[in-house]
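Shared between the two complexes below is subunit A, which pairs with subunit B and subunit C, respectively.
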Partner chain A sequence: MVIYGVYIVSKSGGLIFNHDHNVPKVETERTFTYPLDIQLNYENKKIVVAFGQKDGIKVGHVLTSVNKNPVNGRELDDGRDVLDMLSNAENFPILLKFSRSKMTTNEKIFLASMFYPLFAIASQLSPEPKCSGIEVLEADTFRLYCYQTLTGVKFMVVAEPTQAGMDILLKRVYELYADYALKNPFYSLEMPIRCELFETHLQTLLETVEKSGISNV
Partner chain B sequence: MTVHNLYIFSRNCTLLYYAEWNRLNKSGMTKEEEAKLMYGMLFSIKSFINKISPLDPKDGFLHYKTSKYTLNYLETPSGLKFVLNTDNSAQNVRGLLQQLYSQIYVEYVIKNPLCQLNEPIQSELFKNKLDELVKSSPYF
Partner chain C sequence: MSRTGARLDAKKVNSELFTLTYGALVTQLLKDYENVEDVNKQLERMGYNMGIRLIEDFLARTGSGRCYDFRDTAEKIQSGFKIFLGITPTITNWSPAGDAFSLCFETNPLTEFVELPDHCLNLKYCNILTGVLRGACEMVQMEVASWFLQDQLKNDSVTEIRVKFVKRLEDAIPAGED
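Up next, the complex of A and B:
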């Protein structure tokens, strides 16, 4: 039973709150000999695995460190270019660490505004009249639940596919939002939520749901 | 239970086939426009899921649910996309989509030398067999 994260999107599609709850770390470290048996590409300021899945290293994983030195963009801290290093046989054997790329806050804002039109198109393409937008979006690794309030605010929870009772949880989060964000005199609508009480209550709520199920909240 | 409609897309955004059985709401656009909108939405959902997924996805997008209908999605490794809209009570429609791909599409389109790939499917036989399969499925 894992809840990965909670997002709140305002009426106009901006991300006003996000909370990473239990995001698993996917990391693999391995010693490589020359030549490399995986194909690396440089894209979006990251070095990404393009081909050759092996020992837990998957396509799309990002190179995070070389011989325990962290990688920034395509360079090490001392300014050496990583791709040049990897094409030179003298640097081998070499210890490389790969991990699934983490979403930055910017990417989260981008994704939140991307969900907004998806939600709208889903209701427009409906074969039945008077249809709502996406309520549950399922992939093989997670399920995204979305609850839109009457005022247009969207609450989203990303959780394991087996986790039950997420619709009730969303309504509880809405309650917390009404109690601790909207009643906070320093909170202005449509702006990011920075209310300590809201965060602590949300944290406890998520933990109780994970530990003892939805029936106890 | 009801099956609403079915879209088949090729890997490069051509609408290969569209069929509808129970559809009450007309979207108010032409079929081509609607297909483009649908393809665009699926494309965005795919990249959305790839980014937001906490673990490495394998199959990726499976289905989404709204208050009135469920959209079921199957993409083959060759990029062919099957989209079937059903009502919310239908479970595990993926099996039907796989059947549709392996028993109908492969048999009556791929094995038919007169069917051009990546072009809308004209075959009458394909049409009938597809209709038969969907109508005999428990979801219909």
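Up next, the complex of A and C:
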């Protein structure tokens, strides 16, 4: 049973909180000889595996380090271009580390604001009036649960498809939000939530739910 | 309301301390503003800021649904007073159109030890409550107006707050409910 993350979207549609809870890290490191038998592409400021998946390195994984030096964009810290290095036989054998690409905060903000109109469309598709909008969004690898409060704030949880009781969890997260964000006089409404108390309580809540199920919270 | 060991038991906080704190707040406002009308306005504004936060706590805890009738709203407001102030006002004096009602308080923890001096007879000592109502209702997309009709501090037999429905804030209603 795994909960991947929690997101809160304000009533105007901006992401005000996100928490990566339990995203398993997938990393593979291997020594390669010339010529490189994996095709790499540079897209969205990342070097991504385009073809040739093997040994746990999958299409879509991102190159994170070369000979233990971290990769930023397409360059190493000392300014050498990684793709140039990899086309030069002198640099081999070479140690490359790949990992599953992680969402950046900007991408999360972008996706959260995409979800907002999607939710509105869903509620308009309903033949009956007063439709709740998207409550569950299901895919083969995850389920997204969404709860919109009467004030228009959306709470979302992304979890494994088998994880049960997420609708109850969302209401508990709402209570935590009412307590530790809104009752904090220094938190301003609609702004990103940077409240340590809220985070620690959320963390404990998620851990309890994962370990002993929803009935214990 | 106590949920974790480290939290204060909300029921055990001394209510007199609360009364005193509110009293200190009002008197300080009186000193700072001199004009009683300004103090009334400030209290209302403070209440508003509390209301827009408090409503989420109310909704999260009670899990109540949306009101489609002002009578539902009246009951929810009544239970809100029960939850946050520990008093249950009576709902009376419905207007014939059903868009206004009165909340009558026999007791009020805010005014337990208060006697209004002569120079501030226009002071609406509990005006923070009208602000809370306005803020809370606004967050659930309903505009209300409320004001004091009677006040025990001014030798009336009860304290009476009149609450009037103004309009639904259609623009602010979240997707799926419009």
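We adopt the following convention: the second predicted complex is superposed on the first by the 212 of 217 C-alpha atoms of A that agree within 3 Å, B and C clash if a C-alpha of one lies under 4 Å from a C-alpha of the other, contacts with A are read in each partner's own complex, and residues count from 1 in each chain.
The rule is short, and it goes like this: a residue touches a chain if its C-beta (ideal position, glycine included) is under 8 Å from a C-beta of that chain, and two chains touch if they have at least 3 such contacts.
The shown structure was predicted, so the numbers you read here are calculated from the model rather than taken from an experiment.
> Looking at the overlay, does A:39 come into contact with subunit B only (first), subunit C only (second), both, or neither?
A:39 contacts neither subunit B nor subunit C.
> Please indicate which partner A:123 is in contact with in the superposed arrangement: first for subunit B, second for subunit C, both, or neither.
both
> What's your read, subunit B or subunit C touching more residues of subunit A?
B
> Looking at the overlay, what does A:67 touch: subunit B (first), subunit C (second), both, or neither?
In the superposed model, A:67 contacts neither subunit B nor subunit C.
> Could you look at A:174 and tell me whether it touches subunit B, subunit C, both or neither (first, second, both, neither)?
Only subunit C; A:174 stays clear of subunit B.
> Quick one: is A:151 in contact with subunit B, with subunit C, with both, or with neither? Answer first, second, both or neither.
second
> So, A:133: does it touch subunit B (first), subunit C (second), both, or neither?
It touches subunit B and subunit C both.
> Thinking of the overlay built on chain A, is A:189 touched by subunit B (first), by subunit C (second), by both, or by neither?
A:189: touches subunit C, not subunit B.
> Identify the partner contact of A:115: answer first if only subunit B is touched, second if only subunit C is, both if each is, neither if none is.
first
> Under the contact definition given at the top, report the residues of subunit A touching subunit B in one complex and subunit C in the other.
122-124, 126, 130-133
> Could you pull out which subunit A residues touch subunit C in their complex?
11, 119-120, 122-124, 126, 130-133, 148-153, 171, 174-175, 177-179, 182-183, 189, 201
> Along subunit C, where are the residues that touch subunit A in the complex?
So the residues of subunit C touching subunit A come out as 4, 52-57, 59-61, 63, 65-66, 139-140, 172-177.
> Within their complex, state which residues of subunit B touch subunit A.
Against subunit A, the touching part of subunit B is residues 4-5, 20, 22-25, 27, 34, 37-38, 40-41, 44-45, 48-69, 71, 85, 87.
> Sort out for me which residues of subunit A touch subunit B in the complex.
Residue positions touching the partner: 4-5, 23-24, 26, 58, 60-61, 100, 103, 107, 111, 114-115, 117-118, 121-142, 144, 158.
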